[in-house]
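One chain, chain A, links the two complexes that follow: it is found with chain B in the first and with chain C in the second.
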Partner chain A sequence: MGNQLELKQDTVIREQTQTRTRATFKIRWTPILFLLPSLIVFFVFKYYLIFDAIYISLFNYDIVNPPGNFVGLGNYFEFLKSATFWVAMKNTLIFFVLSVLIVFWVPIAQALFLSQVKRWNAFYRVLYQIPGVLPVVAGVLLWKWMYNPDRGLFNYLLAKIGLGPYGWLNDLHMTKLAIVLPGFFTGGGISVLLYYAAIKSISAELFEAAKIDGCGPWRRMVIIILPNITFVILIQFVGFMSGVLLSFDNIFVMTQGGPADASLVVALMIQRTAFVQSRFGISAALSFFMFIVIAVLTIVQFRLQKEDD
Partner chain B sequence: MKKHGGINKPASVLVAATIVAGLLSACGSEKEDNAAGANNAATQTNDAAANANAGTDASTNAAANAGDNAADPVVEITVWDQPSPDDPGKSFIEEQFAKFDADHPNIKVKHVEAWQPDVREKFLTAVAGGEGPDLSSAAFPDMQVYIPKGIAADITDMVNNSPDKDRFIDGAFNLASKDGKIYGIPNDMYTSGLIYNKKLFANAGIAAPPKTWEEFAADAQAVQAKNPGVTGFDILGMDWADWHFEYYVWQAGGDLTEQLPDGTAKLDFTSDAAVKALQYYKDLKWKYKVTQKNVVQDIGENEKDFYSGRSAMIIGTSDSFTNFVGRGMDPADIGFAPFPAGPSGKAPAQVGGSFSMLNPKSSPEQQKAAFEYAMYFMSKDYNDALGQFKVDNGLGVRPFTVLKDFDVTQYIKDVPQDYLDAVNESAKDQHLEYFLKSSLSSYLVKPIQKVLLDQNADPATELKKAQELAQKEVIDKYNADLKSGANK
Partner chain C sequence: MNSRIKEKGERKLAVTSYIVTIVFIVLGVLPLVWLLLTSLMDNDSIDATTPKFIPDIPKSISITLDYSGQPDQNEDFYLKDAMKATWFPWMANIRENIGEIKIKGVKDGHELYSSKTTSASFSVGQPFIVPTQVFNDTVMKAKLPRIKASGLSDFNWYGQGKQAKTGDGTLSDKPLSKNLQTFFSDRKLLDGKLTSLEQSGNWVRLFDSYRSLNILASEAKVSLGFYHYFLNSLLVCAVVIVWQLVFGAMASYALSQLVRNKKTKFIVLMYFLMTIMIPGVSVLIPQYLLMQKLKLVDNIWAIILPHFAWGFVIFLFKGFFDQLPKELLQAARVDGASEFRTFVRIVIPMSIPVFTIVAVMTFIPVWNDFLWPYVVTKSPHNWTFTVAMNDLQGGANPRANWISASGVVSMIPLLLVFMGTQGAIEKGINFTGIKG
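Let's turn to the complex of A and B:
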């Protein structure tokens, strides 16, 4: 009897396992069909280009009779030996540090303020988004005009209070700051809403309990709000970092990498190498290098997400 | 009991399938388009058989009809010449397009916009993607890059066999020639020079433009002093800073690079002439204080300063008159002068221009059609019609022409004689831009900007640093590639 029971149990377990195994191998077409359009688009417009860039980076690329002479990793060694590349890398990192100090925290602060606003809240939310509606290039051109040392608005206003004149983009030591500064005033756009939504998702009971325990607004922010939106901050930080490392349009419009390479960044070097010097192989190698940097950051993002989960 | 709400499974599969099918059909139609495009590309590779196999519409494919002598084949070409929407001459140009179409039923022209500021980047991208136009135009410095890279087709035979060849002025093809071969059809030419505001000069009691570097600085100071708020000279310190700087090096008796007899390149950034020129730049900014404060503004901003009366002098070209009159400047105020001579006593002008360029990947039929198209727009009839249109509509006509049989003088009656005399005087001593400019430009701009922005920067030191860097990163590789045959 005991043996029969064991045999029966064994058979049931085997059947369950087989059922599970069958379920595992069953192809679920619905999600695949839903995913397919985006996967095709993503592959064609992202991955194909990445692999093509890797391929091009291995050649002294000839755009008329591609691909030209195979040089292996020669293009990578060439840019790594180039002093101009290291100037661009250094500038890129300085831009990153300045951007974190001046720009990154602004939407967090805006969201914190916004979360405390009870009346006209929707109005202020819209207000924070309006600068984002302005095309980047138009905004940058406006700032460029305001920086003009001959007839710009800033020096005019600063002169009224006895300051300046400053060179802004004409000052080798001030150029980077002048390029990053508009980010402080234009705010975080959609980031504000993400932080705001994260803050709003924190349980009201936590705030009530903290208030009962005598926590003031500052302490509530430090011990409740910030720890609860850390995940959003980290994700935003990785995205922000990628954006800054790939900065191009604002710098191109303001200074084109000048003066005297003071604002030359890797993204500008990629454009200059390809379209001014027609050295597409090196440009592709630089692009792939930036891809690696961004990929490492994405891995960091995944790990942070995993830890949070 | 139903576990999930919302649409049922078959329906969701149907929706997903519809989306995918839609996308695939879009891809399919794209594929068909690409097939047609591939046919065009295939004709560009002269592979008539591939074309025939691809099975495109024979009526629009020259190669597919190559063997069909009974019916006239229609050749389709792509030309980057569509004017911008706000081009004052748009209606006239489009009228001419239609006229060409009517006169040439066998040539079907697809016009593509090519007026954007980043057209150079777009052109190179198109070439790299195998989608280069059959006909496009390029400025002379770009031709210097395109010819050795094989981007411009060799049209020597077509030019030599063309009855139109002798209609071009002597030497017109020189700027687009290399090793006895011709790669471009001249469109227009210009010569550079000093543009000055006569009214502002008169206010300062100056009757004639400066003839030497010393006079130039003194005049700029005087004009500034007598015209409050006006800058004596708008210097170019942005990305093309080396373009104008090279003139000063020539005036000092040197050049920035040399092409040696074996074809290799040699840098002369640290030559006495280059150092003197940069020292003069530095003096204009810091000693004479005659430049604008915003020395890193681009050429468009310099021109704006000039035509709005905020600057008394800029460097321009023979075409500047047309440009500034079009911007509302009083023609009587616009003066042109040969450059002031530097320490060498010379003041060469830069000669430049643009050329029509054929695609080496186009089929012979397409190249022939593109050549015919380009020549149509260089005909006397077309240029006379264009000149008359511009006169009738108050648009300026360029005072230089590359054609012998086009009498431009009948369309430039508004241009002051002294302006034309100065242009002709300037054109007597002409110089080409420095060798390998496109590759070296960013290296030279750095020392120029440094001395314009840092009072303590030493011109010789900055040029030395730039030369060392350019030698290591550009010239060594260029020369090595040349010797190994990698440069084409």
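Let's turn to the complex of A and C:
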């Protein structure tokens, strides 16, 4: 750790000397003072922590007498060999597919149709934000009752049309669907505004030209709007992927990963191995694995964004 | 309106668009309406196998007890009698939607005392005052100090001072009132004679789940009941927003306008932006161990501090500051203003939109934050409301209407934020090009 600190000080000093040589015999303190608080907190709460995670992941970490035995990459092999990890990976994949099918397209559809609404458009845009004001934890608790197999609203309403009763969160095969479904109702929130802005920025001439060519309003939506926002959709999709991979709160509050690990994902495994089983080394190795995956996705997203601009 | 010719299919698309939009909005708002309705219901209506959709008006019971012809007793004697007449029959009829029980004690034409207990108090006190269906004098004697100390029942002692309005002596024959009368006559618990029992509806008691939140955990867990947790969350948000608006803005401004060396600029910018790749869950363990070293575990600062380092904020600010007119800043410098003065007097007033965006974008995730506060806090005193709500569902006394009431309260800040800043958010999407 001390090593990194020296490195850090080194960059600050280098930066100072650079400004010193360039400015006319005057050290320009203002930029340094403006930057310093942020440089320090970013170092402590990001760089130090992620390097510490890597460091911990190399040990059979002993919290009472740190760092414990050095095991090299042992922790990584251990989680790669464990069945639970692969269950979590499989669950994540299913969550991802379900989320794309049920949630991802919703804000796109909402924005597409919203762009055709002329009257009270601004009002509808505000209304689309309303479901997003309910904090995730509160929303999950609400849905949890509605899923109650005996007394929940869903089984009651479904029984009226002759369906069910379903086990929802208690059912091994339904629990993932039950966790993803609220996202459909909540809708896009801010991403509706984003798609909407993208649609509105398409030039009117394009529409006029298509109109003259005899292209009807429905076809225009498919032929002109969709291709022009593909890039925004792509960028959102990558962000959506990391969102699904990182989802923790909703799953934890809804099922804690159950029943029988049917909704366990890697984020939950990290929390569980560390704070329930006290296996910090394994947990740190999983953390680093997660970091790599998210880092790759973020880089892809930034690249796409740059190209879009 | 205008003279253009309607195209074929245009109308159909317009109608479909309105319908789809309205359907989506209704789907989104329905769960919130359900939350609001359940927060006004009693728990048995929520738990019923056939769910109710409209809350019932809670029942208000007024009881008069007459002590005429009995020897004089001290205040505690009458308090005990009033509490027996309140808590015992309520517990025996716990499945009824009782909103309040009012007791009036009269003796020889004087009003001795009046007492009032609301369902907010009852639902909080029930687990420790009347945990079982055992109703006798000894039980009440043992519980009396608890009732007095917790202040759950209002009790006003008048002694001989107050003239009693002659009660009309009616005994209501509604089903619940009949039950209560049978309860009193079978158990023979009371010293006073039941002379009147009236039943009415009181819609004010619909909101008692919100009042329960306030007196909840008055058993010394936290000072302000559940609202304590909301204040904790607000405090965390406020501190983080202030930090971001001051230091985040300063760092981004320096990066955008003050650092002139291209290479330094790039390195420092990357230093900040690279951290966007690090997800919170990846640093969960080292962050916890760091807080342990800093002796900050179970301290509200442990929740606040990690939020200070946020690459996304630097990204938003820098995008805006890059577009500031260079000439204006140059002019200020030529006039001899210091960099700091230029920043405060010229840059900040021009940057209100970006400050709004950053405040909103900071507020939402911090207000919603669950995992880290859950991991790092132990005592309820330091919980944020998300942790408290998760605890409420698994707690010893999970009451559905408390959960929904806290859910409704938890929406208010974000609702206000969205209402107030919708315009700014939309503008922000355009100028910052937020794509994620």
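Couple of notes before you dig in:
Criterion: the second predicted complex is superposed on the first by the 256 of 309 C-alpha atoms of A that agree within 3 Å, B and C clash if a C-alpha of one lies under 4 Å from a C-alpha of the other, contacts with A are read in each partner's own complex, and residues count from 1 in each chain.
Quick note on the criterion: contacts are C-beta pairs under 8 Å (C-beta built on N, C-alpha and C of every residue); 3 or more make two chains touch, one makes a residue touch a chain.
The structure presented is a predicted model; accordingly, all values stated were derived computationally and were not measured.
Placing chain B and chain C on a common chain A by superposition gives a clash between them. By the touch criterion defined above, A:Val64 lies against chain B but remains apart from chain C after alignment on the C-alpha atoms of chain A. Which of chain B and chain C touches more residues of chain A: that partner is C.
By the document's definition of touching, of the two partners only chain B reaches A:Ala83; chain C does not. Using the contact criterion defined above for the overlaid structures, shared-chain residue A:Phe34 touches chain B and also reaches chain C.
By the document's definition of touching, of the two partners only chain B reaches A:Gly167; chain C does not. Contacts of A:Asp150 after superposition on the shared chain: both chain B and chain C are touched.
In the superposition on chain A, contact of A:Phe275 is made with both chain B and chain C. After overlaying the two complexes on the shared chain, residue contacts for A:Asn228 are found with neither chain B nor chain C. In the superposition on chain A, A:Ala138 contacts chain C only, with no contact to chain B. Of the stretches 25-33, 43-51, 61-69 or 79-87 listed for chain B, only 79-87 runs into chain C once the two complexes are overlaid on chain A. Where the contact sets of chain A with chain B and with chain C meet, they give residues 30, 34, 37, 41, 63, 66, 150, 271, 274-275, 280. Put simply, chain C touches chain A in their complex at residues 7-10, 12-14, 16-18, 20-21, 24-25, 27-32, 34-35, 38, 46-51, 247-248, 250-251, 253-255, 258-261, 264, 267-268, 271-272, 275-290, 305-306, 308-309, 311, 314, 338-340, 343, 367-368, 370-371, 375, 385-386, 389-390, 393, 400, 403-404, 406-407, 410-411, 414-415, 418-419, 422, 425-426, 429-430, 433-436.
The touching residues of chain A, when paired with chain B in their complex, are 29-30, 33-34, 36-37, 40-41, 60, 62-66, 69, 78, 82-84, 148-150, 165, 167, 169-172, 255-261, 271-272, 274-278, 280.
Against chain C, in their complex, chain A makes its touches with residues 11, 15, 18-19, 22, 28, 30-31, 34-35, 37-39, 41-42, 44-50, 52-53, 56, 63, 66, 106, 109-110, 113-114, 116-118, 122, 124-139, 141-146, 150-151, 153, 156, 182, 184-187, 190, 193-194, 197, 211, 216-218, 221, 232, 235-236, 239, 242, 246, 248-249, 252-253, 267, 270-271, 274-275, 280, 283-284, 287-288, 290-291, 294-295, 298-299, 301, 305, 308-309. Against chain A, the residues of chain B that register as touching in their complex are 9, 12-13, 16-17, 19-20, 23, 27, 120-121, 124-125, 127-128, 145, 149-151, 231, 237-239, 292-297, 360-361, 438-439, 441-442, 445-447, 449-450, 452-454, 469, 472-474, 477, 481, 486, 488.
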